[in-house]
Amino acid sequence: MSMSTEGLSTGRLEAFSDGVFAIVVTLLILDIKVPIGANGHLATELAGQWPQYLAYLVSFLIVGILWLNHHATVALLARTNHTIHVLNLLLLLPVSTLPWPTALLSQYAADGDPSDQRVAVLIYGITSSLMAVGFNLLWRYLLRHPELRRAGVTPESLRVRNTRYNIGLTVYPIATLLGLLSVPLFLFLMLALAGLFLLPTPELRGHPGG
Amino acid sequence: MSMSTEGLSTGRLEAFSDGVFAIVVTLLILDIKVPIGANGHLATELAGQWPQYLAYLVSFLIVGILWLNHHATVALLARTNHTIHVLNLLLLLPVSTLPWPTALLSQYAADGDPSDQRVAVLIYGITSSLMAVGFNLLWRYLLRHPELRRAGVTPESLRVRNTRYNIGLTVYPIATLLGLLSVPLFLFLMLALAGLFLLPTPELRGHPGG
Amino acid sequence: MSMSTEGLSTGRLEAFSDGVFAIVVTLLILDIKVPIGANGHLATELAGQWPQYLAYLVSFLIVGILWLNHHATVALLARTNHTIHVLNLLLLLPVSTLPWPTALLSQYAADGDPSDQRVAVLIYGITSSLMAVGFNLLWRYLLRHPELRRAGVTPESLRVRNTRYNIGLTVYPIATLLGLLSVPLFLFLMLALAGLFLLPTPELRGHPGG
Amino acid sequence: MSMSTEGLSTGRLEAFSDGVFAIVVTLLILDIKVPIGANGHLATELAGQWPQYLAYLVSFLIVGILWLNHHATVALLARTNHTIHVLNLLLLLPVSTLPWPTALLSQYAADGDPSDQRVAVLIYGITSSLMAVGFNLLWRYLLRHPELRRAGVTPESLRVRNTRYNIGLTVYPIATLLGLLSVPLFLFLMLALAGLFLLPTPELRGHPGG
């Protein structure tokens, strides 16, 4: 029996993280405002909110994808320790702030000053990149600590995931740099990336059991 | 031991989904505003908010019913895979947006322009229909993949549920078309449907063990 | 293996309910507003918000107590069925609306018109009474269905709880009627009741194992 | 089989608490407002919000640390009773109010009247101190009730944690007293304390299994 968090099961780490992921994904909708007093032009007013819907969709999908990866990674752990809990908190920090850069991007996407738009893209890009960095810190800690892993995890299966996660680490900064040119370009790039990550990779399809 | 999400248990899919369902149902109340400065007319002002209460009730019930169906469906799964997780995310997407069409309907139900009211009904109807579509995509994937199901699920029991879910897929679009005539009609139709779905069907009553 | 919800375990009913209870308790704080531009009088302005703090505390405690009773009741169930899920949804409905009557009471407690104050007390009282009614419907269903209960639940232990829950059913309406005289009286009565319910009863103390 | 909450497992206490911790941590972001109409000065306006970011970070970290300690403490329990549930509710009470003192501190940190700033620091300090008091009440109850603990918990491991938690009880009041001199000093002290608590202590590092 352990007195510290060493050797504890992964159950509550998952429960706390699932709570944060689920709440963030659901709070995002609070930033999409209902037009007041549309006077017969509601359809037009709603259509003008398209950057808000796109920003919502991007944020929903990147949290969803991160949840999938978090789920698959924690499932490899046989037990947790203090460092894993601290790394997990550092990952949840940018995740829980996401409604704010999403609202910032929504606010300045359509009719903001070009310099304000670049600031909004930059802050959204940094937040999503920090989410990827936080996830990779957790992942690399797991790679370096085979004693925390479940029996039966093969080096080959770790290698396949590692390639995928390393790519994940580079795409958000690249999309952010390109997004400084144009907010719509940034939103479409982020959406395309989310679509790609949701498709199973050939490697994952070729390893049905692992 | 699996490296991908193939073969993982259903526990975290349930925890994340339960989180989203519970949060959506609870966030809905934030859109019902407290009248400020009623000056002795609070009862009258609150009575005038009836479309908000009805929209709240409809949204609470359709999420509650979807949760019941989600619960019963995931309980049939012995394990999950990447496709199930992606289909589940696609189902949770319209669910998590529901407070927004609910607020839209509340805002324009009582005293909006008729064309604005039709837009609000249409958006609410599309969102609830997408929830039904998302659920049926998950359900049909389970029907086509017997290898993911628990042992002991009988074809007869799947058939009973399938009929019920196919009906569920058609009623929200029909209620939406009728609802274009009148917002109160739409709200009462949706409420009646929710009441029907909460009653156990004769088939379900006749199959106590499944 | 069951196809319907008959015979399912209580796990997801608990997870969904815990989610709703936890979110309601935490959303309540969003209704306590931070004074803007206090100009050196922040302490005075905050002191003037006392009805908001008291209403928050009452709502936090009645949800906490309901969670304790829900927890103890569901723990008696060996399995659930469709009716239990529907009764549980009917219980969660007034629970999830609680931030709204709490905000109403906060808004009109200190300086509202006396008739508005009575309306606010009445709505808060009805909501809390509906929570007690919903809980008792679930409890009585469990009393009438011994086949759903875990082995080893004694009639004596059910009787002790039953007395306690029947009392719970009468106190909120009584406090509401008295509260029509004065909002502070209502808040203090509700707070006193919460304190009483949090104390273990002699019967419960006398039955340490059950 | 128990009729009271005596002898129940710790599962739902954890689920409800994890829900509250996760929601508080995520709701905090709603208080960071997006500047409206920045007209090309968005970067400057965002930079001026630094006390809000710092207050957010402090609140996120103290909830995260409390969650870690709560997790490690509940893991020592073999079962719960009514008193533990009531003590846990008393701990969750100041936790669930945290978004309010955080918003108060954010609002008055940068440009408030000095006396208002001291009030904001005092309220934030009292809330965080009550969180520490609530946690220590739970911890001390566990120390006095060996019959509730899991087998294999050694006195030595309890002693190490006890020292750590006693220190935790004194630091928030001290930081609050010093913080009455200056809000930025208060925020940096709280941040430094959080950093210290996230580092594993030598004792914990020296007892990998306990």
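As written, the chain order gives the labels A, B, C and D, with residue 1 at the start of each chain.
Here is the rule we go by: a residue touches a chain if its C-beta (ideal position, glycine included) is under 8 Å from a C-beta of that chain, and two chains touch if they have at least 3 such contacts.
Just so it is clear, the structure is predicted and the values come from calculations on it, not from any experiment.
Trainee: Note the rotational component of the Cα superposition from chain B to chain C, reported as an angle of 0 to 180 degrees in steps of 5.
Mentor: 90
Trainee: For the copies chain A and chain B, give the interface type as same if over half of its residue numbers appear on both sides, and as different if under half do.
Mentor: The interface is built from different residue numbers on each side, given that under half of them are used by both copies.
Trainee: From the C-alpha centre of chain A to that of chain D, how far is it in Å?
Mentor: 25
Trainee: With chain centres defined as C-alpha means, what is the inter-centre distance between chain B and chain D in Å?
Mentor: Once rounded, the distance between the two centres reads 36 Å.
Trainee: For chain A, give me the residues that contact two or more of the other chains.
Mentor: In chain A, the residues touching two or more other chains are 15, 18-19, 23, 27, 30.
Trainee: What residues of chain A sit close enough to touch chain D in their complex?
Mentor: So the residues of chain A in touch with chain D come to 1-8, 11-12, 15-16, 18-20, 23-24, 27, 30, 82-83, 85-86, 89, 92-93, 96-100, 103-104, 107-108, 112-113, 115-116, 119-120, 123.
Trainee: Could you list, by residue number, the parts of chain D that touch chain A in their complex?
Mentor: Touching chain A from chain D are residues 14-15, 18-19, 21-23, 25-30, 32, 34, 36, 38-43, 46, 56-57, 60-61, 64, 67-68, 71-72, 75-76, 150-154, 157-158, 160-161, 198, 200, 204, 207-210.
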